[in-house]
Amino acid sequence: MDNLIALLIAAPLLGAALLLCGGRRLDGAGHWVATVLAFVSFLFGTVLFADMLGKAADDRTVQQQLFSWIPVEGFQADVAFQLDQLSMTFVLLITGVGSLIHLYSVGYMEHDERRRRFFGYLNLFLAAMLLLVLADNYLLLYVGWEGVGLASYLLIGFWQHKPSAATAAKKAFLVNRVGDMGLSIAVMLMFTTFGTFAFTPVLESTGETSEAMLTAIGLLLLLAACGKSAQVPLQSWLGDAMEGPTPVSALIHAATMVTAGVYLIVRSGAIFNAAPDAQLAVVVVGAVTLLFGAIIGCAKDDIKKALAGSTMSQIGYMVLAAGLGPIGYAFAIMHLVTHGFFKAGLFLGAGSVMHGMNDEVDMRKYGGLRKYLPITFVTFGLGYLAIIGVPPFSGFFSKDKIIEAAFAQEGARAWIFGGIALLGAGITAFYMTRVMLMTFFGKQRWQPDAEGEEPHPHEAPRTMTIPMILLAVGSVGAGAFFSIGDRFVNWLAPVTEFEHPHPVISVPVITASTIAVLLVGAALAYAMYGTRPVPVTAPRGSLLTRAARRDLLQDDFNHVVLVRGGEHLTRSLVYVDHTLVDGVVNGTAAGFGGLSGRLRKLQNGYARTYAVSMFGGAAVLIAATLLMRAV
Amino acid sequence: MNTTLAATLTSTGEAVQFWILGTVAVVGALCTILMKKAVHSALCLAGTMIVLAVFYLANGAYFLGVVQIIVYTGAIMMLFLFVVMLVGVTAADSLKETLKGQRWLAAGCGLGFGILLIAGIGNASLSTFNGLGAANAAHGGNVEGLARLLFTRYVFAFEITGALLITATVGAMVLTHRERTERARTQRELAEQRVREGKQLPPLPAPGVYARHNAVDIAGLLPDGTPSELTVSKTLRERDQVRDVSSEALNDLKALEQRSEERLGRDEEAVK
Amino acid sequence: MNPVNYLYLAALLFTIGAAGVLIRRNAIVVFMSVELMLNACNLSLVTFSRMHGNLDGQIVAFFTMVVAAAEVVVGLAIIVSLFRSRHSASVDDASLMKL
Amino acid sequence: MSFPLLTATAALPAVGAVAVAAVPAARRTAAKWLALLFSLGTLALAVTVLVRFEPGGARYQLTESHAWIADFGVRYELGVDGIGVTLLALTALLVPFVIAAGWHDADPSPDSGGEAPAETKHYRWRPTQGFFALILMVEAMVILSFEATDVFLFYILFEAMLIPMYFLIGGFGDRAHAQGEEAAATQRSYAAVKFLLYNLVGGLIMLAAVIGLYVVAGSFSLGEIAAARASGELEMATNTERLLFLGFFFAFAIKAPLWPLHTWLPNAMGEATAPVAVLITAVVDKVGTFAMLRFCLQLFPEASKWATPVIIVLSLISIVYGALLAVGQRDIKRLIAYASISHFGFIILGIFAMTSQGQSGATLYMVNHGISTAALMLVAGFLISRRGSRLIADYGGVQKVAPVLAGTFLVGGLATLSLPGLAPFVSEFLVLVGTFTRYPAAGIVATFGIVLAALYVLVLYQRTMTGPVKEEVRSMPDLRVRELAVVAPLIALLIFLGVYPKPVTEIVNPAVEHTMSDVQQQDPRPDVEAAK
């Protein structure tokens, strides 16, 4: 049974290897190979899950030691896996949603000539992501961590002929690398502190080192999480990442990869528990991103970018929850899973809309699509209800718990973070309603595309609709299923620890105010977009709107400070290298050259002159010999 | 070394011989480097070498003395003379120095060198000498002694010098031999070439005019009395050894015309 | 007289030869000067041979002669071909070996 | 006496060089195959060495020792330790790829498309034979220098390998140049001369140090001197040791190259053909870092420790500076050259961090850098040979027309930026960890290198391979079979060593332990244990 863990990863890895090295022969069947292998992996996952359920709650962790990876004196890195309830949750999410999105992509990418490669990358992503969540040490996790980064890079830049896609891919990888730097330094710190970086020994011996050290490790892990999960200040790549094909956005940039940061924080819970300062930092980052993403989501006209802002914001919720400690870990993961369902569903819906609208992404050119895309409308609508947290859809359960937990703190913190979480819920309702209204309701504002072709909206093929329907089912029922009897919390408790939150105000009040806030948000959006016609070209908007359209000026900041600054730095360094460093070298050479140029004049070509110097030299030698003898 | 053989002085006869012939050798050497004509230098050098041969004999190196005369004076110097002939025996060098400061440098180097050498010899303690009597006698004579050494201890060096001589011979042949790199052209081809190049087609005019000036170094005169370069061989032209008699000839012509005019004038007067 | 005088004579001849090499331009005369120097060396070798009472010096002198013979052959050949191509036997004319 | 395996390994390519040089001018193809055959034979011998080598056995194995210059105590002494045998194997491994990649680089006609037309003319000049003979010559010398345990013998090889390299750079340079062939020739000879002179200066100073060492120690034998030092029989005055150390280190730092002695590398790598550039950075330069490990640390442990802070700073500068300059390059090959400078910074950092992880990592890094740079540079060379330009700006959208080429280029690039799962990651992380345990600040600065590495690799990839297809590259053919056969094994190796580096670390570890005991250093213990 243990060996299944390795097979879980091996199946998609095999697929990736086959498809990427297989050549054109696999063009015809490649996508089915990949999809089947993804499902096989899911199957292994469910088998393992069933096996795990059969064991006692405390005894569910399974370890598998594959081989010794880097054996060096005093340094042991193994390829070893650890499957516990937390990993299991992720495995099911990744392989489940992943398989569905594979299926969806079969339809979505039907006309792309490089489809085989696309599926190769998707399989590669699955393998890397599974490695990330199954690793039993931080270094192996790091491999998966960068592996998903690579897959993300390849998939964002899949349409490489578009310069914007290539740039977005590069940006994603680079920003992630900054975060990875944090992870790698964190691993090094663990090694110097604990002499190991395997989860169990590190997390069990947190008590043996100072709080300052743990805070440092925690902050570095947070940096890593910020990079991968698009949290402020490393969030800028996620919006651009929407250049990738939509299934990619659904799988990687909504449901799975971007939640890796949350996984990392929850997995390292023991470290954060012992480092309150780091925890506070996590909460702050989560809260800021929550608002940041939501505000961006309100301003974007590109349906995918609006959803990306929403993703950022929802992950902000998760990070916020993860920062709250044992009261929040389980809810963070629960929101992560429900978010995985509804956000993947929303993205697939968006993909379906784009599929029908000649790849148009501007919502201002949609409108009134509910009649033409009924299935998409229904599934998207269910996802919408879930994300804004309408009871009894799944988002309600998970988000409400996070808001409760945010209120369960000491002093002013409770009000600040609780308030932000509450406000976020309202903004979520606003921008999601906006998306909904602009896309499916109102008048048809369709425009011919670049080639002058009028869009003919049509429902997507069955390979695309089935995953959407299945995900919609998840978005409807998952929350309730998890929350009844605290199923999810109890399931995770052995791994993550759990304490019941005790909010400063009573739970029903919080729930009621959450519902109230979201109703206000939705109503506001209806007032703005449902009652008035939507202009096809965006109005200039307020200062905040304009800033939000530009990702709250973060890109501009990056551009001015990092890109321009970096360009100036490299250019001046190239100059310095050429003139100064190389100049010294060449100057020395030129000095010798000049000297020999003078000495060269002695070589006048006359043999007799040479003879004179020869005799002179001989004379000097004799004189020297005589002198030496005389002395 | 057997100290009983050591001596400090040579015989008086040898001393006399040394001072006389030594002077000759030095003078010969000086003449070698100071004579304007190479052939004189060669002869002076030969003289110096003969003197040296005598000194070898005096020093007990009988074999070398003979070899010096046969090989050096006899063969090598003759080779020099051959080359001098090839280059031009009459050519005299200018002894004027052309390189700036070369003479002073040479003088300085030479003097310094000589003084240092002599100082070095003077510095060494060489008051006694052994003489070659025992060494020569050991194997029954100088030649036998040399032969024994040459064919035992120095046999490898000896063989290598053999190889060197062969190499030198081949080298000299290679250096002086000019390989014909293309087929010799036939007369027809040469003729065609001349026509193509528009050169003088008929035989060149003969040198000399009139019976009294038919030597090869005298250019033939054109009808107007000027000399024609074509009539003299190229070698002579390049050596500037053409004797120009045109003025003489022109004067003769003028005198002839004068004379005939006088005679004709007289005739005219006679007619009147 | 002490045989050391032969050595002085050899030194003198050698110096004269050296001076000849330095001041004369005619390659043949330069070459003769070199020969003079070689002969001077031979004289000193023979003298040393006598002073030390063994024949090795003479052997070396003998080899010097052989090598000198070889050298003369090649050297003169060079002079001849140089003269053929340049119509001059002056060592100063062959001054192309410079930058 | 047993079979002199080490001598044979070095002698085979040398014999090959002579044999290849002797192939008649018209039979160029035969010369190429002969060269390939000899290099494969050398690889087979190197594998034999690897098999015969026992990781847990004596420090130097397969030793050979013969008197050479008896008057100075110079001996022909060979022996390999774990580090030497690894690098020997790397060299023997890479040269066949270099030869196969440079298959058409020395063809007489500039157009290296397919097989050149049949020879009708009798060439007296034989560039093809010369090219491959020189490559084999370099291989022979490099292999022997990895084996030499006599300082003098090593010095001679260290210098002698410059000569064939000089001709390889100057005589067979890259024909691609913006200002035409003539400008290329000027640049090329400049680069070759700079390479030669720069390295000769280093060699000269090393020679002084070698002589000084002999004066002090009375021997050239590494084993003898090291043993004498370890047992305390040979005392060196502090200043003497430091001066000697600096003399050796200076030469190695030029060869390696370490900032600020690096400027010859971009020129040399830029102007040489891609295979030769690989030979420079992946094979010849490794002698420098190898020598630091073997000679500097072993002969002058105290001075090494004394110089460590400065060297650490210099290597950090190399890492960051090389990477930043790589970002600023417009020429593909110079970019890779600056990336190599950054990587050499990591290697030197690992060596002088004086921890087991650092030194194992550095050794592993030498191997991995060799393979990854070879992969990247050779693909870049294939790319350049297609378009005839080295400027990044002249490319665009290549992945659309030549997807396999672009894919292999990307893998090479990802290896260069140390993506986990590929071999360089393992070594880079080991170096970082090894440095971090002793010098945390240095470890953190070095970590910036990995972000910058991502920047220059991805910028390069983006500008050349993605975007709209440029008109000039539209008819660019994808990788040919020969080219794929060169690149595919390298990539397979990168993946294998990234997932399972144990075969190499097993060989390297004992050697590193020896070196650590030479410098009398122990790994810092984890805080948690130290507290107990």
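Some points to look at:
Residue numbering begins at 1 within each chain, and the chains themselves are lettered A, B, C and D in the order written.
Throughout what follows, contacts are C-beta pairs under 8 Å (C-beta built on N, C-alpha and C of every residue); 3 or more make two chains touch, one makes a residue touch a chain.
Being a predicted model, the structure only gives us computed values, none of them experimental.
With contact taken as defined at the outset, subunit B and subunit C are each touched by A.
Taking the mean of each chain's C-alpha atoms, the chain whose centre lies closest to the overall C-alpha mean is D. The most distant chain from subunit C, with centres taken as the mean of CA atoms, is A. Distance from the subunit A centre to the subunit B centre is 97 Å, each centre being the mean of its Cα atoms. Subunit A and subunit C have centres, each the mean of its CA atoms, that are 90 Å apart. Rounded to whole angstrom, the centroid-to-centroid distance between subunit B and subunit D, based on C-alpha atoms, equals 64 Å. Here the spacing of subunit A and subunit D, counted between their Cα centres, is 36 Å.
Touching of two or more other chains is recorded for no residue of subunit D.
In subunit B, the positions touching at least two other chains are 99, 102, 105-106, 109-110, 113, 117. Annotation for subunit A: residues touching 2 or more other chains are 606, 608, 612, 615. Working note: touching chain pairs come out as A-B, A-C, A-D, B-C. Touching subunit C in their complex are the following residues of subunit A: 600, 603-608, 611-612, 615. Chain contact summary for the complex, subunit A toward subunit B: residues 606, 608-609, 612, 615-616, 618-619, 622-623, 625-626, 629-630.
Put simply, subunit B touches subunit A in their complex at residues 99, 102, 105-106, 109-110, 112-113, 116-117, 119-120, 123. Across the complex, subunit A is touched by residues 194, 197-198, 259-260, 262-264, 321, 324-325, 327-329, 355-357, 360-361, 397, 399-400, 403, 407, 414, 419-421, 425-426, 429-430, 432-433, 436-437, 440, 443-444, 447-448, 450-451, 454-455, 458-459, 461-462, 465-469, 499-502, 505-506, 509, 512-513, 523-529, 531 of subunit D. By the touch rule above, subunit C contacts subunit A in their complex via residues 18, 21-23, 25, 91-92, 94-99.
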